[in-house]
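Naming follows writing order (A, B, C and D), and every chain is counted from residue 1.
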Amino acid sequence: MDLFTIVSIILIIITVITAIIAAEMKDLLSAAIALGIMSLIVSILFYMLQAPDVAITEAAIGAALSMAVVIFAIRSTERWEK
Amino acid sequence: MIRPVLLIALPLFFAFLSPIIGIWSKKGVRYLIIFATALNATLAGILLLEALQKPVFDIIGGFQPPLGIVLMVGPLGAIIAFIINLVAFAISIYNLKVEKEPIVRYSMLYLLLVMGSTGMVLTGDLFNLFVFLEVTSIASYGLAAYNKDKKGYLGAMKYVIIGSIGSTFVLLGIALIYSQLRTLNMLDIAARIGTMDPYVKIMAFTSLFLGFGVEAEMFPLNTWVPDAYDGAPHPISAAFASLPAKAGVFALARVIFTMFSFTNFLWFVVVMGLLTVFFGEIVAYTQKDLKRMLAYSSIGQMGMIIMGLGIGTTLAVEGAFYQMIAHALGKALLFIAAGFLIYAARSGKIEDMKGMARNPLIGIPLLIGALSIMGMPPFAGFYGKFFILMGGFSQGYYAIIALFLAASIVEVAYYARFIKIVFERGNESKVIRPDAATYVPLIILAIIIVVIGVYPKPILTVLQHVGTFIAGGA
Amino acid sequence: MKKALAIVLAILIFIVFALAFVKIPFGEKMSTYPHYYNPITNQTSNMSLPQHYLTYGKNDTGATNMVTAIVVDYRGFDTLGEVTVLFLASTGVGSLMYVENKVKKKVRRSNAVVETGSKLLFGFIILFGAYIFIHGHLTPGGGFPGGAVIASAFLLLYLAYPKFHAKHEKLSVSESIAGLTFVIVGLIGLIIAGYFLYNFLPFGLPTYLFSAGVIPLIYVAIGVKVGSELTAIVDSMMGVRE
Amino acid sequence: MTAVVYIILEIIGYIFISIGTFFLLLASIGLIRMPDVYNRMQTATKATTLGALSVLVGIGLIDLWWLPKSLILAIFIVLTAPIGASALARASYKHGVKLWKGSVVDKYKDEKEED
């Protein structure tokens, strides 16, 4: 196994963990942050798979803007899932 | 000579133009939308005449398919696009009744809904079909919640969840097909579908079928239908029944016949269609709320169309297309009338609408629409059901035909009950006269239903091309 | 019980799709792909579709970035659709979040460091976003990421200045003008060459800024459009406060 | 002649990178060792900024082609890191995160009382 495979496997595992955290968290703010981390790691994965275009878009939209929008939505409703 | 791309480019142009016009005049935007849909309907009519000669291919960007995108318009696609735009024109007149702000945004969403449904019918490229599916469904989400009340949000939320699952399935199916064949053009896929791995082929078909089944209101995927129809503004309920649903079922037909020419898998489609018919009609019988009843009835009718596609003989598919046309016209009419009745009775319950339709301007079109949906002989809805039945008969699906007839009887029963209540004698004083924005679209739709019911020859001429469609042509 | 059922269902769907997806070739030689077939002229080509894009893409479109060549030129119609999807999303959010007479909550000012810093950064971020979409046909990037970067600059302003408020009319006008540009470029192509979205400008020399015909024009339009749409979404989400 | 200059620049660059990594190491140790949020934030920004800056300058010196890009990156780090840190610290103060009991000054509190 070369370094590339090891790094990508680690990143994929982190992605899966953050996705599960985002789905399971009762605190929606933490879930949103986990989602942002997931987007960031996915964008790194895109970069590693030689798709820089998609990586830039994912980083800007997934990690920054959509997280901000989700946080605004949480702020105008409730923070804790019932 | 009309290029099919104009049917997509001009609505887009007007939709992008309307915010600028909306700064000066909000009223102007509404008339602009009416003009745009009228223009589109005219263009679609001319396109239909052209497509009857031979299928029209419109290459976009100057790259030969499958390098670039191509629009592929056969006679059947052209007539569905024509009906969609015609109904859209009628509904856009009724749109004048919507008063709630922000009206400019509402008009843009409506126009793009029309554009998306037209694009789904016209395109000949699988990924382009997905893009237009997205346009249609996102416009629908916005419009379903437009009333901004609890009902609207509930319906829109259900629609968003189920619709996005459906879109994901479509995308997965496209990915599977592309990974095997390295192409996205429908005819190219059709030519080489045999070289696909059988398991991947089945999975791709199932994904696409489920994905488009959401828009086509197929049985397990239609829980959003009653809530979304009920919560949306009245013109939008009418539009949902005739634009995205018809585009979705046409996409389903494209998947079944143009791309995967399955013959041994179609019993599955018939069973799904039959389940949809039964679910829709029986639940509709129990409904007390007018719009919910119409929504469930719409599910039942869509089930009949899916069944017709599934039976797969020329006659049955002809019937399915006839039923699509009749249902698009009839259900739009009934929803517009329902909007008026709910407005007049100040309630959505059928019992409260006693004698509300006793004004001839509303009563006669309502009667025509209901009879057509029930499948009574002189009106448009008759031929569709009749052809589907005959097609099933020739294939030997006797048990299915019996069940289909039973469901039709249930349908007749609840429509008869509804008609009896709204025409009952009684509180004459409360009956109000509809204004022009209500009765003009009703009369337009009613006249078309009567004309194609009494003189079905033009439609039947177009539907002669069903044979080539089933064989995988445009 | 319900949860267990859901997990079982999810695992089942995963397995069924995984069995199909393992059949996707990964890292295979491109020459083994199936050759494409032109349904209009009824001819089978001697190469596969990705091979054609990589071999002739530069000649066909004039763009050095092959992703851009496919996104804006070969499949430009899809991109028009995707831009419309974003437009719809922003319009839908705007119509759902619409409130007459916005009541603004009394908000605390953020501190001086954040205010000055974001004022300084704002211009740089806008510049960076513009760079990304203007150079879309030469380097990785393009209208969508560039627009997102511009919107994130506005997001910074929203966070630093709680009273900041982008004018909705201006946003929607810039959005419409950008969209109109895209459609009009397409229609001009239809008039000149008979193909919607035809690349009617001269290609110029590859790797130069003014090359690849209409691609930079379209990408600038997309960048402006995406930027103003995402800003409008952020603005509508910020606006609902009582 | 030029080759010698390049070698010297490369050596200086590596020295810069070593200094930078040393500071980054200190920052990460501080992140674990410091008692409360504010102190940890201080190590995480001040030391990291310096470390990252010298790493960037070092990279620029090793390969001069990269120098403009790394300088732009350095400017962005100088602009963003303190802003982020101050916003975070302020937010956590407003949110009621207590100072470490050994803290001696609380300027922010004094300033608030003046308002």
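Keep this in mind: contacts are C-beta pairs under 8 Å (C-beta built on N, C-alpha and C of every residue); 3 or more make two chains touch, one makes a residue touch a chain.
Computed from a prediction, not measured in an experiment: that's the story for all the values here.
K.L.:
Please tell me whether B-C or A-C has the greater number of C-beta pairs in contact.
P.N.:
So, comparing the two chain pairs, more contacts are at B-C.
K.L.:
Using mean C-alpha positions as chain centres, tell me how far chain B is from chain C in Å, no decimals.
P.N.:
A distance of 30 Å separates the two centres.
K.L.:
In whole angstrom, what separates the CA-based centres of chain A and chain B?
P.N.:
Here chain A and chain B have centroids separated by 38 Å.
K.L.:
Using the average of all C-alpha atoms in each chain as its centre, how far is it in Å between chain A and chain C?
P.N.:
So the centre of chain A lies 20 Å away from the centre of chain C.
K.L.:
Using the average of all C-alpha atoms in each chain as its centre, how far is it in Å between chain A and chain D?
P.N.:
25
K.L.:
If every chain is a node and each touching pair gets an edge, what shape is that graph: line, ring, star, complete or other?
P.N.:
If you draw each chain as a dot and join those that touch, you get a star around one central chain.
K.L.:
Kindly provide every pair of chains that touch.
P.N.:
Chains touch in the following pairs: A-C, B-C, C-D.
K.L.:
What does chain C use to touch chain B in their complex?
P.N.:
Residue list for chain C touching chain B: 16-17, 19-21, 23-25, 33-34, 36-41, 48-50, 52-53, 60, 73-78, 80-82, 84-85, 87-89, 91-92, 94-96, 98, 100, 169, 172-173, 175-177, 179-180, 183-184, 186-187, 189-190, 193, 195-199.
K.L.:
Please give the residue numbers of chain B that touch chain C in the complex, ascending.
P.N.:
Contact set of chain B toward chain C: 3, 5, 9, 12-13, 15-20, 23, 57-70, 101-102, 105-106, 108-109, 112, 115, 119, 127-128, 131-132, 134-135, 138-139, 141-142, 145-146, 148, 172, 175-176, 179-183, 185, 187-188, 191-192, 195, 197, 199-200, 203-204.
K.L.:
Can you name the residues of chain A that touch chain C in the complex?
P.N.:
51-53, 56-57, 60-61, 64-65, 68-69, 72-73, 76
K.L.:
List the residues on chain D that touch chain C in their complex, please.
P.N.:
Listed in rising order, the residues are 76, 79-80, 82-83, 86-87, 90, 94.
K.L.:
Show me the residue ranges of chain C that touch chain A in the complex, using the header's touch definition.
P.N.:
65, 67-68, 132, 140-142, 144-145, 148-149, 151-152, 155, 230, 233-234, 237-238, 240-241
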